[in-house]
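The structure that follows is given in the form of structure tokens.
Chain nomenclature is as follows: A, B, C and D, assigned in order of appearance, with residue numbering initiated at 1 for each chain independently.
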Amino acid sequence: MSFNTFGKQFRFTTWGESHGPALGCVVDGCPPNINLKEQDIQVELDKRKPGQSKFTTQRKEDDKVQILSGVFEGKTTGTPISLIIYNQDMRSKDYGNIKDKFRPGHADFTYFKKYGIRDYRGGGRSSARETAARVAAGAIAKKVLENKLGKKFKVVGAVTQLGILGCDTSKWNDLIINKNPFFCPDKNMLKLWEKYLLDIRKSGSSCGAIIEVRARGIPVGLGAPIYSKLDMDIASAMMSINAVKGVNIGSGMNSAQLSGEQNSDEISQKGKKLKFDSNNAGGILGGISTGQEIVASFAVKPTSSILTTRKTIDKFGKNTTISVKGRHDPCVGIRAVPVGEAMMNCVLLDHYLMNKAQCS
Amino acid sequence: MSFNTFGKQFRFTTWGESHGPALGCVVDGCPPNINLKEQDIQVELDKRKPGQSKFTTQRKEDDKVQILSGVFEGKTTGTPISLIIYNQDMRSKDYGNIKDKFRPGHADFTYFKKYGIRDYRGGGRSSARETAARVAAGAIAKKVLENKLGKKFKVVGAVTQLGILGCDTSKWNDLIINKNPFFCPDKNMLKLWEKYLLDIRKSGSSCGAIIEVRARGIPVGLGAPIYSKLDMDIASAMMSINAVKGVNIGSGMNSAQLSGEQNSDEISQKGKKLKFDSNNAGGILGGISTGQEIVASFAVKPTSSILTTRKTIDKFGKNTTISVKGRHDPCVGIRAVPVGEAMMNCVLLDHYLMNKAQCS
Amino acid sequence: MSFNTFGKQFRFTTWGESHGPALGCVVDGCPPNINLKEQDIQVELDKRKPGQSKFTTQRKEDDKVQILSGVFEGKTTGTPISLIIYNQDMRSKDYGNIKDKFRPGHADFTYFKKYGIRDYRGGGRSSARETAARVAAGAIAKKVLENKLGKKFKVVGAVTQLGILGCDTSKWNDLIINKNPFFCPDKNMLKLWEKYLLDIRKSGSSCGAIIEVRARGIPVGLGAPIYSKLDMDIASAMMSINAVKGVNIGSGMNSAQLSGEQNSDEISQKGKKLKFDSNNAGGILGGISTGQEIVASFAVKPTSSILTTRKTIDKFGKNTTISVKGRHDPCVGIRAVPVGEAMMNCVLLDHYLMNKAQCS
Amino acid sequence: MSFNTFGKQFRFTTWGESHGPALGCVVDGCPPNINLKEQDIQVELDKRKPGQSKFTTQRKEDDKVQILSGVFEGKTTGTPISLIIYNQDMRSKDYGNIKDKFRPGHADFTYFKKYGIRDYRGGGRSSARETAARVAAGAIAKKVLENKLGKKFKVVGAVTQLGILGCDTSKWNDLIINKNPFFCPDKNMLKLWEKYLLDIRKSGSSCGAIIEVRARGIPVGLGAPIYSKLDMDIASAMMSINAVKGVNIGSGMNSAQLSGEQNSDEISQKGKKLKFDSNNAGGILGGISTGQEIVASFAVKPTSSILTTRKTIDKFGKNTTISVKGRHDPCVGIRAVPVGEAMMNCVLLDHYLMNKAQCS
């Protein structure tokens, strides 16, 4: 069972509700003797932090993390690392609007039907606020992987499609991703995307997004067939993120339209160096990493809370309507970028460690 | 750890190589007192069996299943059910062609690099022959769900895209799916698909496919947030199938292009009956089933073994080429339909049983 | 993997070091709609709290617990319950004595050899202070079981042997157990035990103990053969407690000396009521509860930290000696009583919930 | 969940009933490139095989094992190893005596109450015949450990108490254990034990036994605190064996009666060699191996099926009696020796592999 725990060897368990006193996670299975300080985690949390541009939610949260255990004199000890983030912006506003109503596209209806009770404040446990805990866990995974794999290792994510607007992924530039409010990797799209999203925001509507995450410097051999395949665990990781509805590895859904000649990546050797002529596989064959760049992408559906009035029912089974008042978040997909990176780091470390047990 | 085991409460462990003496699985966590006979499993295996049309592999296998434990006087007893299928068509043909070479698009390279050894005969453990064991496990899950959920329950899969040719899923007709060699749900496409695939077969090429699996009669409340979400486990299940590169739930990757107004499914009540106006969510919100039809689809890449000569290397690091001789399988995606159904049945039963523990 | 997590369906993950800022646990899989307040947990923690008599450690800790998530308006919601206890008495005393030395009988040596690093302050992660988190988790399990099983349900533990002094378990009296500083169930032994332990304390020595835990009102049918047997999980739970070296179920080790006639408990029916003539089985047959009282006992070794000088080595491999200065704890086994009760509650709830999934 | 699966990294799943067509197991997580042939497994099975002396059950079974997968050209490949043993002596004898009656001391009552159905033939799934599958799995673990740890590694078990008769464990001699029908390690006891057991057999009664298992050549550092402690997993493993009621590590239950001075094992260094002056800890401190010999013992209750008539009830709730006719097994504990060895091998390999993932 793994209700609120992710991972097998490197595991994290998250807890906390949107408007509870705090949220956090316990990271278990982290190797000992890795340098770790709060700032290593904070820097990743700051990427995800709300309120950084007009294009994301305006909730005010510092997301200041504290390490409560598992680190001694600046190094991990192999014991569980407990992380806590106290909530700040949880003013007791009027929840009358959503206390008894089920917001369409949200988990309100299903949580209530499943459990017979729900913390309705800000979505409770189903709020994307939970992803702060994942980002914190991912920051630890990243530190370990950097220690084990060295400089070649890097995980980087970006938004490659914003609503109906794509970008040219062959223009992908790591350096500009964190320098624009969309995590866009193609500088040619920045103006267009800005205008597009401003229009959506003004109209009170919302749009979806596709996030692509790339991992470099990954050794061949990670992945445990048949039912802990690397791609399977990446799909699972990404699909667990709030509002995600689809996951691709390499050519993904598009591979259905390719021919055998187009799709299978030819291999050749040049001196000591092995080379794949293409990467439709997204760096994974038979569930095991090939040593190529690992490429995964996932779709985030448009923000369900919009200004337009929507039909719904309340918990007593009465027909009613609902709409968001005031500010809203035009594209929840944007803030999913650091979350996707974090999940990728966690899956990769999990498999890196498992591989030691399987094959050493 | 779950290398060769799938599921949490309802679990199956598969074993066997393509050209070993046998393959099978152990199904654990099956509830007691369910009627089960070999024929219940055989009927599902027969859908997946090779050699049923000229569009799939010509390997000759009866895939005759035996129940070795867990069933007493025609009923399950709650103890593990061991299933075995002896291989037949594993003649000692000349494997010289692939013994030392890594077939592009296959797991040959990664298995060898990971384990330092591999059973090269027919792909060994990475062969899609393993899916026979899943189909057998899925047949048991189906029997249990039919017993627990009654007549409204049904899982049905179909090929909705064959290479570059789609079909009209609004024309989906359960009754024709098993009556054509493509598991196509739209009778208008049959002739076109036949001609298209014959051409591909003649040219020695291959194409991919998209398979859609629908589940009806599923109660609201299945799914265990945050890290055993129902959609997460479906994504994991489908991505574990050989050659799958992408998974969608409901609108899937396409949801990125929808607006908030288009995407979130409005809810209304008509008398005692709750109604969703659309099903972009694919029957799942917040990782929990809504009671709507569950809709998942996945892409299978084109068969990697084709008649065209391909560049590759051998296990000594030498450049070489490889090509398939004689008959080949133009679209491996077709036979993934019963496998997708089986995995859906297994995930649903797993969550049905888990929900008892969580909420009763 | 379950390094710091215990349980399958009802799971708790503990974290924290003896002298870190805090310790706690995340309880996952708790059913929804159970009344729960901090005081329910505090009352159990207070039983384990240090410094309550001269017979236990003099560390000063309030062990005040806070609920950080998973409870809404006084009821559990089915989401993870995060509990935190801030440490208080962790003054930066001089650890020079144990910083580099391995205390015999403690985990100092093995932690250092395994991890290459250890938080030596008060034993770090290997300190029995971790058991506070288990007691907190057990308090939640108890609340759920009381809700599900009603008034007949009760788990009660006691010390049945203190060093070389046993007691008459046929005189077991629940009412006196919490009214003496030894958790002794037989009032006739109180004076003798007091004198015995005072002498040990004065001499700077220590003694072991046997703790027996009884569970009443448990339905028949809990336990999942073959590898989640109820007795197996109880043995695992008790052996996980610090300093425990042996576990018995029912007649336990003594059953080796019984004859078949003496050992197997005869069964008879009186009207609607089934009766076992004895309970050598300790309420468990074939790994499944019989409906009788469940009886488990375990031995806690004597406190390893004593006033006598002991030979040991330091982390540089040099021979040295070590001894405890000032106050010490003459019998760590005493405070294991609430821990044993907590673990029993957790195992029973785990199996109660699993049984729903297996058999409903 | 792990109903019929044991282990975390090195895992085996057993299946089969006493009188079904076959029994077996699937071993998962076995490292690749280990030499393995059927004979390696057969030799261990032969130790456990019934009918080898007049002191054990007279059922005739060859227990001939076949490897169905996971081994290629004499070496493991890292894929699951499926083992099968076909049952032979399962003649359709008259089960009228036990079909509807619950044998005291057996799992008949609890299986029926839990599942509402049971395969009553020979105890069905609850028969000790299941242990053949464990012995097979243990044989594989042993091969891997021999490969990884070298010649110093050895696991050896013996009966150290037969009913009321103990033996002198300081006289333990590996060489005589397999040369007497009791697996007795102390040659001075052989005659006495023989006479004692012959008398019990003639009288139609039975006795229990204590089995001790020792593991040598185990490196320091195996064990994953807090909830995968090595001793916890050994306790769990041994308690899972049929009829086991108690488990000790090192001084075990007896440690309650020791003083701190007697119990904690002093440490000293002699040149490069570390030395413990005693081994009350049984080779484990804080759940982690110390590098000393690991010593575990467990008690097996007396055979419940005896010639004396016993009171019981039938499945309709009627009072009745039961007794065994003809030959019986005077001490089931004897054949538990190879089972205990097998479980020890499996636990040690599991932790050996896990340690790679935790600390490398």
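We take it that contacts are C-beta pairs under 8 Å (C-beta built on N, C-alpha and C of every residue); 3 or more make two chains touch, one makes a residue touch a chain.
All of these numbers come straight from a predicted model, not from anything done at the bench.
> If you check the contacts of chain C and chain D, which chains show up for both?
Neighbours common to chain C and chain D are A, B.
> Relative to chain D, which chain's C-alpha centre is the most remote?
So the farthest one, by centre of C-alpha atoms, is A.
> Using CA atom averages as chain centres, what separation in Å is found between chain A and chain B?
The mean C-alpha positions of chain A and chain B differ by 26 Å.
> Using mean C-alpha positions as chain centres, tell me how far chain A is from chain D in Å, no decimals.
Inter-chain centre distance comes to 46 Å.
> How far is the middle of chain B from the middle of chain D, if each middle is the mean of its Cα atoms, in Å?
Centres of chain B and chain D (C-alpha means) sit 39 Å apart.
> List, in ascending order, every residue of chain A touching at least 2 other chains.
Within chain A, residues 1, 3-5, 8-9, 14, 29, 32, 78-79, 114-116, 125, 225, 354, 358-359 contact more than one other chain.
> Which residues of chain A touch chain D in the complex?
1, 9, 29, 31-32, 78-79, 225, 353-354, 356-360
> Using the touch rule from the top, collect the residues of chain B that touch chain A in their complex.
Interface residues on chain B, with respect to chain A: 1-6, 8-9, 14, 102, 104-107, 109-111, 113-116, 125-126, 130, 161, 163-164, 200, 205-210, 220-221, 223-229, 231-236, 238-240, 242, 245-269, 274, 277, 280-282, 284-291, 299-306, 308, 310-313, 317-319, 333, 354-355, 358-359.
> Residue numbers of chain D touching chain B in their complex, please.
Residue list for chain D touching chain B: 1, 3-5, 8-9, 11, 13-17, 20-24, 26, 28-29, 32-33, 66, 68-70, 72, 75, 77-82, 84, 114-119, 124-125.
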